[in-house]
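You will see chain A twice below: alongside chain B first, and alongside chain C after that.
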Partner chain A sequence: MTMEQQDPPAVLIDQASKWYGQVIGINDLSLAIDGGVTGVLGPNGAGKSTLFKLMMGRIRPSQGSVRLFGVDPWKNTSPYRRVGYVSESEKLYEWMTALDFVTTLARLHGMTREEATERSAHVLEFVGLTDVMHKELGKFSKGMRQRVKIAHALVHNPDLLILDEPLHGCDPLARTSIMSVIRELGKQGKTILISSHILEEIERITEQIVILHNGRLLAIGNLHAIRGLLDKHPHRILINCEDPRSLANLFVTEEPVFGVRFPGEGQLEIQTNDLSAAHAVLPSIVVSSNQKITSIENPDDNLDSLLGYLIKEGS
Partner chain B sequence: MDRKGKSLFETVWTRMDRKAGAVIELTIRQLMHRISTWVVLGVGALLMALLLIFYIDSVRESFEPIDNDGDSEDNDGDGYPMGQERKYGTPDWDSDLFPGASVFILESDIDWNDADRSEFGNKSWEGSAFFEASWVDDQYAGEWWDSHVDWKLNQEGIPELTDCSDWELEEILDAIRADACDLGDDDGDGMTTYYVAGKWRGEGIATVPDNYYLSWGFWTEEVYVEPEPPEMYINEDGIDCFDAFILRGPGWEDSRVDCPSEARISGSHGFDDDGDCLAANEGNGDDDNGNGIRCDVQWIASNGVVTRIEADDLVDEDPDEQEYIGELGHRTFVIAVGKMAFVILLGLFIPLFLSLGLVRDETENGTLHLLLSKPIHRAEFIIYRLTGYLAISGSYVIVLSLIVGLISSILGPGDQLIRISDIPVWIGIGAATTLVLAAYGSMFNAMGLISPKYGVYLCIVFGIWEFMMGSFSILNPNWTVASVSISHWALQMIDAVVLLAWPDTIQWAEMDRAFEIDSGLSVFWQPPVHTLGTASAGIALLNSLAVLLLVSVAWIFIAKSVFSRREIM
Partner chain C sequence: MPEEQVDLEGEVTRMDAAFGSGDGDEEATAVVAKSQASLGQIFEQTYRPWDGELGPRWMRNYAIFRHHVYGVFTSKGHRQYHPMVRLLILIIFLASLTPIPMLFLSSFIGDEGGFFEKMWGINRYNLWGQVLGYFPRNLCMWPLLTAVVVGGMISDDRQHGTSAIYFSRPISRLDYTSMKYLSVAIILGFVIIFSYFAYYTSAIVFKAEGWAYLADTLPLFLRGMLAGSILVITYTSIGLALSSISQSRFFAAIGFLSIIYGTKLVSLLIELQFGTTFMYAMSPYDCLAHTGQFLLGIPSNYEHPVSISVVSLMAMNSVSIWLLVSRVTSLEVTRE
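After this line comes the complex of A and B, so read on.
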């Protein structure tokens, strides 16, 4: 996120608000993004889609301004020459083949038919759909459809890529595949905005995040730094094992652990103020306990608890 | 090369072309993938096929020669058609009287107060007389109906009548009516005298009593007259056009020209070819148009164009169907199909099914995001979508109009294989319908955008209005209210094209009305109205064209204004 460049930043949002009648979509949001992969996090209804729609000129800000490469997207479509957008909408032209679909949309960038076909085949290969590019989209799985959408957004080699919940509803295999595509794009130096309501998804792609809550910008910056704040917050680790009590004895002597609980049969809950330290000692204790551990969960290591913490900190 | 060193192909305009091509192609393909498109286009084609079948059927019937005045019939069954009997002066209600039949020639008579009261000879007699007969014809039935004397001849050929030889004269005169009585050979010359009152034939001396009447004459020899074929009396009184200056004088036949006349002159035309008007009593419908000329047709022209035709009764009343009704029926078919089937039906239904959701459906389907994330302005998008819709619907109606036109111009009247003059009319019909499709298309698309939920109802209400105004416009194009409709202008365009392609249509319509041919041409076609006082079909055509284009652009602008302000969720 740098604003010192001569060229206007890819995304510049200045005190933008958007209300739908009485409902607030975005509230006094200011943001500048240029370069790198940025995750836009927030629970459902936080304003992620509203933010993206504002950027894509679908809706007009009630207040403030939105600029893509220095241009107001509501009034002018020229920034879209440099923008690729994957909407959350599932709908595609089901009767088209993947190649046909991407080619048709590529031609809307002013490419010739030949140029568009060549570029489309190339991006479909990039997203790993070469084998099925002559198949009708109606026969595609959810993950394949998402990849087709990414392909159409990439076909004109955009400088800015906006991905609205690209992993939503995908199976783990598809997620991995899409994530690797996005990481690869990030490496290529594109500005990428990706929204999600699942922290782990974003974590696997980028460390640079924007957190939205109730239409407000809650946090912006490096995920590690935010996580560090989170680590200072009381955390729980839930362990399912054969003998919770003997395992608890081993934990209470460790420094990061300040309390234990037995919430259910065969369950041990460890309470800590330093999650990283607790995780550091966890493997050796498990080994020394010499008993079978079926699972280890971090019930607080999710967006909700992060938000809960940030909201509490902010207030 | 531009400032950035890009070739001309890479300029904005070229890119726009490519975008336009892509959206138009996408629209065409989308529409082709919808069943409703095929249903509506299929129904249109079916409608045209049905109309063509109807046309083929009616063409067969209407080109069949029709005896418009009924004089080819033989009502009395004597083997002679009414027209031939009229020519020979025999009635068509008496089978005994026919051309060549024996007729009675009156020679003379003895009146009530003539001094000479006797006549000798072999004659046909009628009246009252003492008849000293050397011969009588007991088979005599020469004149019509009644009063023939029955001589009651015996086997020797001697009449056996009532003996009235000793009757008083007064008694005889009172008692004998349509009969005869025997007075015997009162003078002894061997010839019997009879008193006869009625009709008879015989040779002798007829002496008429005072104050009685007798006439006599003879019947001509019957001659055989070849009965004329009834077909001779079909199409025998066609619509005539003459040079106005050589009317009815010698050589008038040479001054005939085709109707409607190239010269299009006003004045007295028309001739009673079969003489039935002239045969009527003077003053009895022989000068209905009141121009002082018996049995003619008055053509009234304005600016060299015949605008009214007034015919006397029974003049030009049996025209050639092939020549007139065929032509009139054909033109009526072309114009009626162009107006009703193409402009009003296809013009309304195709946009209702194809254009209403052109942009609206993309929003509802959620696929609009894909298109609007590309560098394409919303107004551009509307225009390209409409162009795609027009590419399908316009080429459909143009191809359909050319197919229907080609078939009907092959089947239509005329000696040539194809009626070349029809082709511009069909092209005009195709073009007018395409413009209607553009105007309704842009309007319905705008309504779909204005109210995605209730737009269809708005369109239906508007469609009903257009249908009604179109129908009124056909019947009375001068009705001002109708001009507040799109269909009115498209119909005006067809009227103008018809007049340009067939400049004599005004005459044909007048002939249709004046000679009561009832082909419907004068109902379905009237001269274009919006000529800005020039009476020029070209001006009317340009006017209609401008209005239809303007309406289309206005609705595109409305749709653009609505769509550009719309937030897409």
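After this line comes the complex of A and C, so read on.
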């Protein structure tokens, strides 16, 4: 019998910690990520940027280990042939044009001049900067600079893309196009780590998330699965209807429902520990109530509230 | 505005300039918004993966090297050197070539064995002086050249966090450091060694010297070139070490000048006070000058043995390179 040799995961972090003097950046963090798009979430100071800097070999872990494709990036830079990185606020060479800048960085990956120029022009076109690629970076707006950073991260077609707040400062059109690219790259089997403060954007890109708080890993996995694991916080279903009290009468007799509330006029809030079971009985009750329902929402089943619950629990 | 100039169907609307004074502005026109707002265009953005092979290590290193060296000539796509820095490099380079017109003048007026020949002709003293003479070269030219070139070489990256541009690519810290080192050494070498080479070559050309002259003077020339190379290496090592420990190009430049001039001054004062040249062993310039005098076989200005100067130079270079390498290898890019 032969053992099949498995490729190491794109990112493997084993009990890594990073202290800046008395301040803890990352605290005993372990995770493995390989393939697809993963959102890295957490409030300011949660350790998202520190995590990315550890991965990019910019800082050394005080304890534990970090591996990219099985290699320690602090000691060996070879994994960076396969990694593209957009940092939160990287300084650019202000005097260079966008094309010169991306070409220079492409050449740092070992491309020939022709390859670098051709490839740089393509990625700049891709991020919608063809018109201004001969302009100096010093004259670029914040959103344009973000797009230049994304272009230079993509120029060598990396297998792992680490994006620290990549949409920060981008206009809605640029956000949409960049998000669709990220989804597409994820579908192509690339591993993408993306952090953002705008949770809706992460939700639109991926359901696979990592949640950090105070440098600790609070949760990892599918957004809805994590929400399902939070037993202490019941799921809520908010129904806007004509007569909430009569509708509540019908719901309280059902097994999965353990409480009801009337948060506002014409509103009924159902509390349950089993969201799918509640949704299973919901259509028949609505039909039997014989009243007009204007909306049904799950206010808890989003990233925002999940993050809120987890951070409260974490602290 | 005449009605025929208003294009209500779309296209460009034309109007008179709002602030026309009437004295020649009648022809002025301004383009205002196109009225075809109903039209639109969607740009299809497609990402085409690249399936080429990334080049080897030397290609990446060459990219770093050329970025720094070509920047002296043009900042388009390369490292930016301040125009005043470029001007200073040019002035120093031209000043270092001044013996060449003197040699030309000497051959032009047929000054065989005369004043010009003695002052600028090829001999041990002049070859030494072209690289290691104190005034003006080692007082006004080489230290200043090193200070402006080396000042921001690493400190700029530390100050702005641009070292991250290199460290998030397959470039090791050793490659980063060695390419920075090589870039500085090449720029200094271009001015110091190339001017020395041009001086020697022009002497041969202007005087139409033959093989016998070449056989006589070439060993001296090569020894002088060795002394010049040691100077370039020593100044690069000290300068880059200072650049690696600072976050300001000013500190690195001033620190370098202080070391070169300060040690020289202190050694001179000690010599004047106590009559010993021993303390010159701590002055980089004097160690280089002493070693150069030994290499070119000219009488030494120093009482202490040349071995002390050689050991001191080795120690200075070792400490500087150790500081540089240890600083860069442990550099954490926390500033962005």
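Some points to look at:
By definition in this document, the second predicted complex is superposed on the first by the 218 of 315 C-alpha atoms of A that agree within 3 Å, B and C clash if a C-alpha of one lies under 4 Å from a C-alpha of the other, contacts with A are read in each partner's own complex, and residues count from 1 in each chain.
Quick note on the criterion: a residue touches a chain if its C-beta (ideal position, glycine included) is under 8 Å from a C-beta of that chain, and two chains touch if they have at least 3 such contacts.
Remember, predicted model here, so these are calculated numbers, not experimental data.
Because the two structures share chain A, they can be overlaid on it, and in that overlay chain B clashes with chain C. Of the two partner chains, neither chain B nor chain C is touched by A:200.
Touch criterion not met for A:255: it reaches neither chain B nor chain C.
With both structures placed on the common chain, the touch criterion links A:242 to neither chain B nor chain C.
Look at A:171: by the touch rule set out above, it reaches neither chain B nor chain C.
Contacts of A:126 after superposition on the shared chain: chain C is touched, whereas chain B is not.
Once the two structures are superposed, chain B and chain C can be ranked by residues of chain A touched, with C on top. Clashing C-alpha atoms with chain C appear in a single stretch of chain B, chosen from 8-16, 188-196, 224-232 or 296-304: 8-16.
Looking at chain A, you'll find residues 53, 56-60, 77-81, 83, 85, 87, 89-91, 93, 95, 104-105, 107-112 touch chain B in one structure and chain C in the other.
Within the complex, the chain A residues that touch chain B are 53, 56-60, 77-81, 83-85, 87, 89-93, 95, 104-105, 107-112, 152-153.
Contacts from chain A toward chain C in the complex involve residues 20, 53, 56-60, 76-81, 83, 85, 87-91, 93, 95-97, 100, 103-105, 107-112, 115, 119, 122-123, 125-128, 154-157, 177, 180-181, 184-185, 188. Those residues of chain C whose C-beta lies close enough to touch chain A in the complex are 43, 45-52, 54-57, 59-60, 63-64, 67, 75-78, 80, 160-162, 164-172, 332-334, 336.
Chain B meets chain A in the complex at residues 14-16, 18-19, 21-23, 25-26, 30, 33, 365-367, 369-377, 567-569.
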